[in-house]
């Protein structure tokens, strides 16, 4: 399983850079929104927590569709399914490596982009914290969506459609944490909920995903 | 070339619905932003033009990476390149069918999403007009980006990175048109610029894209 | 190691395509499956490898004992030959990839990214994977596609060595491999259309 | 129709791999290219089909006269067999796909989506495409991969008929096709490492 | 005997209109597809079968 | 003979073909009585004026939209556990109805909201959850359409339905936390004192029953279609094989 993790990370780096690109996309969203919305920093600061979370979510989403698709296309998934690794473990490793290559760098980069969007000062801590706690859930939910659509050509968009409603709770609690943090309100409730969602998805979804993959390979 | 157009449209419909899904993604962005930003309709109305244009742009982007990639992967692109169709025509047709399956439906759906985002009333006309004039440019610029990244595995994210800066002028003029329209100011200048950009990309980019494809197949 | 397949039936796309396939494969033996295109060789092999459930019948061997090689090689185009092979070795908990490289004459290509290989070189790499699985039963789907004559010989040697070590191989192919092998033609096992029955049957 | 290749050199990944290849192919002739894996057959065929520039030398025939069939078949998995074929016919401005379907025994599969075909059936569809191009020179890269014996015969018949109509075929393959053909082994044309010259050369 | 809907007539009528339209569309689609599939099945079975 | 016998497609076809005319007639009767009663023979509300009449379609459609998903959840579970084809096909048949009802609920709500709240759309929790429900329907239907092997599609959509239900509940809590809204509270609970006035309640109940009947009728009709379509597919496949 460690071999698998290393392979996935290596592939992410080799093929046009897993990190670099997810990150770049995040950056670009943060840049485009001011172009679209206009440069008024009061408005921008007000919407910054939401935009940052939506941006993180979309960056995750974009790199998602290939979690299993590439392995399916070149036949590796068949071979991995016959290898002595439980499929649940496979899904877990894949989701984890997805997080390492997108969620984690996003979290680290977010403060800089917060600056671009005039995020108010007290919010930075909560920005990092909420992303750190929330993004693993994004990766695991995403892996579930990807395992449902594996084997469908151009599953990418269908995947988005399936996954986005599942992202709603994470998004709400995540953005709410930052907003409350920015206004100096209590953030314990949304943070706890965020943590609970993450733990829940980590514990349960790999099994659902493995089942879906098994069905898809059939 | 008409055969090619028909084939592409047919494929878009067969493979999980080209239209439906690009549209769905647009819808979902319009839905997620309020979750992030909060339900205050004054704020939402203020940022609606920008968000709608950014959303249209991202929906286009997502379906972009497969304009040529699918044909490259299964070898059709090699065969099409040796067929008696000029590559410039091929690119034009592909970009046009991309617009038909994403840009056009997006334009038609935008007013409903404007409603969700509390877009002020006088802006609706300009919303439709600016999208109608601007989205063809998105498809043609996108096809150019796709032809640069054809043949790269996981080119999707690199593609976004390449294409998004190219989208900036379209985005700015498009969103500006709506914003001015909403405030009752003159919209002639941004609309003219938008039209000029679209005409320019339509005239020039197919040649650049064809050259890029030729190099990539080599 | 002994593979007993008893009265196996397999379906593809919800449709039975083979039924009543029975054979026994003992350690050291090679069994070649023949049959025209579309008879269901690939499907049968996938069922034996545990990738899809059988419709009926029984396979005596646990899928854990099977190393499967499909039409596609499962290579990562940006990893080098050595990295590809090492990965599979680690997955199967073996360590030494040198013999596998050697058996398929890949030493000179070890540092080449898989995408820069020719069709036959890719195939050789795909086959070298079998050697690092350490599993007794090889289930191979048209293994010699794109291979030139000398590579086919390398392959035959590898199979022979594997059998000599107590392994066995089940191979679907259209061409002659130059191996001493039993032959099983699948044509007689083609599933016949079921009698028109009630809905439940029709759904199968 | 006559293909003259004079002193052709081709490169792959920036590295010359074949040089000095010369041959002539006349109407009605079949030329089979042989050579071990990785010698450069695919690369040579791509150059002749106009998909990549030659390093040196000259190909007499315009790529417009060439119908190329690669390792991959260029099928759209969600389109049916008939739709796939009709599309290519329209692209090449021909209309009648029935003979092509017939030549490769695809009539019964006409309405099947390409993704539901077996490996050999896909290949047959890929080859049927050649018949609707209406082009005189067929350039084929390992066309009989995955084909069973009867399909190989169908293919040989199709090539023979094509030659009888004044066409010609250039085929890279490792196995015997049962065709009357000339043979060209590419091994002697393997590019030798260039003498270390000035920069311009070294960059080639 | 149309009830007096007052100043909200447009709202109420459009709500009812939209509902009836959607329900009608749904029923029409269901019936049409039902008929199409039934015809197909009949022609396949080559006999009348009401099951 | 167990209850599951009815899950045999053939038996289901026989039974439903007998039941369908009755349900159709009953639906037409109850629905027209309810709607005509509601539209023509109820007074205006003193605050909302004639817009109360929208309640007779808004509430029933919202009710069906929510409960159709529940039904799909149950049938999906039945399919996964007992593998009765009718069950999976019934879920497939119900989804578009649920989606249509969601659309009706959204449209009537929006049309109602314009005069009452002065806005077409408000990010109120109930409205928002309802929108999310619509998205779940869309995704579910899209997944069915995207996969062509019938059993695979049934399996995967069932998994999606179950996971989706969990997340739908989660979303509801998240949304409540995010915004407390404008929307009406429960007005038809059985144990509450301040239920709406009987003048409105009786026709409303009639309409709800009418919509439930409409739902059942349509599900029967569409399930029959799905079963036939499935058989067509099987027969075509069998023909190809022969």
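Here the chain labels run A, B, C, D, E and F in written order, and each chain numbers its own residues starting at 1.
Keep in mind that, in the parts below, a contact is a pair of C-beta atoms (placed from the backbone, for glycine too) under 8 Å apart; a residue touches a chain by one contact, two chains touch by 3 or more.
Being a predicted model, the structure only gives us computed values, none of them experimental.
J.: I'd like the angle of the rotation relating chain A and chain B after CA superposition, in degrees, nearest 5.
T.: Angle of rotation between the two copies: 180 degrees.
J.: Taking each chain's centre as the mean of its CA atoms, which one is farthest from the centre of chain C?
T.: Chain centre farthest from chain C's centre: E.
J.: Tell me whether chain C and chain D, two copies of the same sequence, contact each other through the same residue numbers or different ones, using over half shared as the line for same.
T.: Over half shared, hence same.
J.: So how far apart, in whole Å, are chain B and chain D when each is placed at the average of its C-alpha atoms?
T.: From the centre of chain B to the centre of chain D is 37 Å.
J.: Please work out the Cα centroid separation of chain C and chain E, and write it as a whole number of Å.
T.: Centre separation, chain C to chain E: 53 Å.
J.: Any idea how many Å lie between the Cα centroids of chain E and chain F?
T.: 15
J.: Counting in whole Å, what is the centre-to-centre distance of chain C and chain F, each centre being its mean C-alpha position?
T.: Spacing between the chain centres: roughly 48 Å.
J.: Listing for chain E: what residues touch at least two other chains?
T.: Those would be 51.
J.: Would you give the residues of chain C that are in contact with at least 2 other chains, written as numbers and ranges?
T.: Chain C, residues with two or more chain partners: 13, 71, 77-78, 199.
J.: Where does chain F touch two or more other chains at once, residue-wise?
T.: 10, 13, 132, 135, 138, 142, 146, 178, 231, 235, 240
J.: Using the touch rule from the top, collect the residues of chain B that touch chain D in their complex.
T.: 2-4, 7, 10-11, 14-15, 71, 74-85, 217-218
J.: Could you list, by residue number, the parts of chain B that touch chain F in their complex?
T.: Touch residues, chain B against chain F: 15-17, 20-21, 24, 27-28, 31, 34-35, 38-39, 41, 44, 115-116, 118.
J.: Can you list the residues on chain E that touch chain F in the complex?
T.: Checking each residue of chain E against chain F gives 1, 3-9, 11-12, 14-16, 18-19, 22-23, 25-27, 29-31, 33-34, 37-38, 40-41, 44-45, 50-51.
J.: Sort out for me which residues of chain F touch chain A in the complex.
T.: Answer in residue numbers: 132, 135-136, 138-139, 142-143, 146-147, 152, 155-156, 159-160, 162-164, 167-168, 170-171, 173-175, 177-178.
J.: Which bits of chain A are touching chain F when the two form their complex?
T.: Listed in rising order, the residues of chain A that touch chain F are 144, 148-149, 152, 155, 158, 161-162, 164-166, 168-169, 172-173, 176, 189-190, 193, 197, 205, 208, 211-212, 215-216, 218.
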